[in-house]
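Step one of this worksheet: look at the structure below.
Note that the chains are named A, B, C and D in the order they appear, and that numbering of residues resets to 1 at the start of each chain.
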Amino acid sequence: MLKVALIGATGAVGQEFVLALNKHPWFELTAVVSSSRSAGKKYLDSLRDPASAILRWHSRNEVPEYVRDMMVSTVDHIKPDSFDLVFTALESDDALKIEPNFAKSVPVISTAAAFRYENDVPILIPGINEEHIDLLNVQRKQRKWEGFICPLPNCTTTGLVITLKPIMESAGLRSVIMTSMQAISGAGRSPGVVALDILDNVIPYIPKEEEKVQVETKKILGKLDKDSISPDALKVSCTCTRVPVLDGHTESVFVETEKSLEPDEVKQLMVNFSDSVTIRGLPSAPRDYIVVHDDPTRPQPRIDREINDGMTTVVGRLRKDSVFDHGIKYVLLSHNEKMGSAKGAVLMAELLKDKGIL
Amino acid sequence: MLKVALIGATGAVGQEFVLALNKHPWFELTAVVSSSRSAGKKYLDSLRDPASAILRWHSRNEVPEYVRDMMVSTVDHIKPDSFDLVFTALESDDALKIEPNFAKSVPVISTAAAFRYENDVPILIPGINEEHIDLLNVQRKQRKWEGFICPLPNCTTTGLVITLKPIMESAGLRSVIMTSMQAISGAGRSPGVVALDILDNVIPYIPKEEEKVQVETKKILGKLDKDSISPDALKVSCTCTRVPVLDGHTESVFVETEKSLEPDEVKQLMVNFSDSVTIRGLPSAPRDYIVVHDDPTRPQPRIDREINDGMTTVVGRLRKDSVFDHGIKYVLLSHNEKMGSAKGAVLMAELLKDKGIL
Amino acid sequence: MLKVALIGATGAVGQEFVLALNKHPWFELTAVVSSSRSAGKKYLDSLRDPASAILRWHSRNEVPEYVRDMMVSTVDHIKPDSFDLVFTALESDDALKIEPNFAKSVPVISTAAAFRYENDVPILIPGINEEHIDLLNVQRKQRKWEGFICPLPNCTTTGLVITLKPIMESAGLRSVIMTSMQAISGAGRSPGVVALDILDNVIPYIPKEEEKVQVETKKILGKLDKDSISPDALKVSCTCTRVPVLDGHTESVFVETEKSLEPDEVKQLMVNFSDSVTIRGLPSAPRDYIVVHDDPTRPQPRIDREINDGMTTVVGRLRKDSVFDHGIKYVLLSHNEKMGSAKGAVLMAELLKDKGIL
Amino acid sequence: MLKVALIGATGAVGQEFVLALNKHPWFELTAVVSSSRSAGKKYLDSLRDPASAILRWHSRNEVPEYVRDMMVSTVDHIKPDSFDLVFTALESDDALKIEPNFAKSVPVISTAAAFRYENDVPILIPGINEEHIDLLNVQRKQRKWEGFICPLPNCTTTGLVITLKPIMESAGLRSVIMTSMQAISGAGRSPGVVALDILDNVIPYIPKEEEKVQVETKKILGKLDKDSISPDALKVSCTCTRVPVLDGHTESVFVETEKSLEPDEVKQLMVNFSDSVTIRGLPSAPRDYIVVHDDPTRPQPRIDREINDGMTTVVGRLRKDSVFDHGIKYVLLSHNEKMGSAKGAVLMAELLKDKGIL
């Protein structure tokens, strides 16, 4: 068993890590780390909001037994070299300060944006761009670290790239136009989205989100040239909105390909990709990497988000697009707190261990 | 005062007509017409659901006094020639049968899709394509009717075309990609959207909606050549979804223009268009035809839908698009039951009367 | 395996029966029966709404494989004596006509109100009033039926009675005042609650609901005297409302007891009752019959409704009441479509089989 | 015109004050005061959330012109004696420190709980307990202040007491059992209720709320004896819950009276009370103080909360209660941010000025 620390353990993403690591066959959570406000409390007690008395635990599943009585530490009170692996679920500003301190001695798998855009840092999605893993060794060497920082993309990027990849391999990608309808859990929990802002409403703006998706998509689909990644030439343009949905990001996607494809062919490409995806067999890998519905009313976030415990990207409404010469359009759903975040990070760790990098 | 009949008076759109005609300076509602189930009841009584006892009246405003005790008739019990004008708020199948019977003797302004795609029928948006009004006379002659059928577009088309028109006039339009997040009131009230389907959910499909928007946009922006309209060459592609919002359709729009435009220029074009729009001064015309926000968090349906009693199209998030050579993207909000439906139809009637067609 | 028919198989409650009978160790569903509109279709196809194309399947769990291709019959096309047991999920009017036809030859377990208030019909909650089962034999004899009609209570009654029973046994009940906040799934699905009625709203009235709860509570807690039940003398008064919650009825309860009880004692009574409830060990029985929270923010419907697959009644906020001389108040949550309906009916069937009545 | 300061001007209640004082005929807002975080900014700018860029302005009405460019001060930078009147919209802890400093020289009308339970402080509802106004003079004398602190009750108390008062006058009150379904705006806006906590949910607990309602109801309905108020002997017990509703508290009320009353009589008492209420004619007084519906589906918060700009208490479902010997039950709706808070405070100020106390 690898010894694992979780930094940012009490927030929304941290909670999903706690669930994803419950009874994990390879990883043992030995430290839950949070801000000084929570430190010194038992994990369960640290979740309670002082004003409203509400337990800020988001999942329908109870707080797992194994973590309830673990004492919450601060980053200053744990030693990096007591761990084989560190997961972080931090805001970008905190990640910028904290992650390098750990990466000096131990691998850090991060859900934060802080290092995603550095030259020697790949943005990894398990099953999509394993050839970029080599950049972690470049990073190690260049920074003279024993560990490394290995970030996942923004949760809105994940489902988009997973569905683009099989199309790209077969027909090439020219451009992507995407409008997202994102769940409120994507904004975290302290306070995250305020109820008075979102009930009976759509908020047409999420700060920095569109830039992240645009840059990350091109980097993840880019080519590793020795010691940096050349972003793909693909053009990406998006508008990101928030809707009154608890979990699951829905995205309406319009794709221009180099070669013409029929909707049925795209479906087949996605299904084939799903059937032969590299991560099959890892402990957190879903039965289906991508599911494609013929039913025009799917995917729906409330119905489809928990399929395979939130690790499947669900696609529907595959149609010809009439604007691009070779155009395809579809709707996708990706669970922003599972595949798009904590559980995706655990799957990433499994892949790195499987490849001997951990 | 023109004597007016309202067919389909008890549904969601019918109710908005009842509100829009309350104390109208030019039009007097003298007949409320509905299905045989409601006929013979007072208007107020006809709105009550027999099973749940709920008054199926959607507006925050009370049922206006003037209509409460009016007896509901069926189409078989009123004479077309008792009216100067007929408004219809019917499902397409019913409109197909009922509207021609009335149009033989009296002008019919319709919110239904039934006749929108006929050669001698324009689709009119007040303030946008008045030059198409002449086609009503062609229709009269060809069909040997004393009246005519004058349909409005689908409520999702309205806001899109209103925002495209000023761009088109100045820079030309090549293509439009649009994703809508539509309100539940757009599906009507009997039963319309079922609560169990939409709470904490997005439904990524609205039957026939996308085809309507695509065809109607090109027709409304097309050219009248003698006795028919040549649709504009513009390419339009959309995905229409339903979100848990009571009123107000939000649309995420990506536009390719012929000439390059900066976001600031587009804003100025929209503001100028709004300031000089033809319908200014009509009783139901809004103070602002289009409002453009610099605030990136606007438009929001709950906050912006009732501005100028729902007759204003609200635009925000004007930005360069990075996919098209000359690309602009923005978010718009249009009130689907006001400007996009009943009150838009009343404004249309005012325009026709002002021009002497009624 | 007992052969089982399900009448009313396509509605909200019918769907829960389909789930509850999936891989059941004792019962095999051999006929799914619905109205003529659905008859002749495969079960899966019969669930699709013709207008919106939405699959009217409420559960997060997929439609079970075993039932997808079963052909839907009408009541006229099945023979009562082909079954060992019939479950019905019907509106009261239909139940009144259909249930006796089947009860002549086969036991009928019903979720409808049609026969609940007959003298020779008990209203049974598994674990609460098994001594009333004898009345089924009286009914058989009096009506000269081979089967019987065995109804469950209204879903709002179930949780209330389950929490009152342990208090009654120990301290006697004088009166109960209850305000419910009921989920929208309690109104079924065709159309059930219309989204425009309930979003951002509370509806303070559910037709006939309060009368049902008041009468049923007294009957279930009453005494069987030979061939009829004397309702308990307990006074019950309630107000039933609908809130924007998908599943799970929340009830705010104020109880006057004969003997004084402290909140801690009530908690202990409930826990003890739960630990020794008669249904323990039956296939559909929950691990906990009642759970009592000390956390003042519980129960919450979204968090607590699925505990033990919706078969547990969850209690919280146990406090002294200051109006009654011996008063206790609390909040309870009961899953209206699981313990309060279909799965409760299956549990009832298990109990009857266990006792040799089936 | 009286010069008025508003302390706590940027929060949810503060915003309602800003609206209520817009174009007020008697009061001129000359200072908007908030925490140091907002100080030095224009009022409009101070409302914007730094992280999400959302303008934290709750009302459908725009921020009034008159206040947009006013500079926000802190309490340390304004002089109490520059004002004729101070409104406060503060959390209790802040009120405890700030209000006395101002009350030394100027009347303070407060929405906070800090001083409500002091012996020399009345809790005033305009139209209900004007005879308690005399206690303000006692307070002045005892504390040697030129001003006074005049608090309104908790927003959940307001509607309850307004509906109890006419019953009490005619039939006497013995006990009240109440369950509230409270709107999310009642929890304020920074952050108030978190969306992840309340969507598809009910929270059965609001800290301290029940105690407030129980104590305040008895004090407001009590008798002023020289220099303190003897609370009424009425027994009050309640359970307060939060539901996914934007504005408007719904309360389910069960009342035991001394004399028996029929529902029709209660209706008549409420209507008569409403018709002759003392505040009629004041600028912020509603056309109807109480509206009683016969329609069993009313009141509904979304439909009824804005009647008379939120200053009317709406009652429905008046029925006999079957638990108490002389029992009545009903449902009420009160706008928590209008009559129950800021606009109620402005109405209170009008009443005090009308009586010459200001």
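Assume a residue touches a chain if its C-beta (ideal position, glycine included) is under 8 Å from a C-beta of that chain, and two chains touch if they have at least 3 such contacts.
Just so it is clear, the model here is predicted, and its values are computed rather than measured.
Any chain bridging chain B and chain C, meaning touching each of them, is among A, D; the list is complete. When you average the Cα atoms of each chain and compare centres, the chain farthest from chain D turns out to be A. Centroid to centroid, with C-alpha atoms defining each point, chain A and chain B lie 41 Å apart.
One inter-chain figure worth recording: chain A and chain D are separated by 46 Å, centre to centre, where each centre is the mean of the chain's CA atoms.
Contacts with at least two other chains are made by residues 52-54, 199-200, 203, 205, 244, 246, 296-297, 302-303 of chain A. On the chain D side of its complex with chain A, the touching residues are 12, 51-54, 56, 58, 184-185, 187, 189, 191-200, 203, 205-207, 244, 246. On chain C, the positions that touch chain A within their shared complex are 52-55, 60, 199-200, 295-297, 302-303, 306. Residue ranges on chain B touching chain A, taken from their complex, read 175-177, 179, 181, 199-205, 214, 235-237, 239, 241, 243-246, 250, 252, 254, 256, 296-303, 316-317, 321-323, 327, 329, 331.
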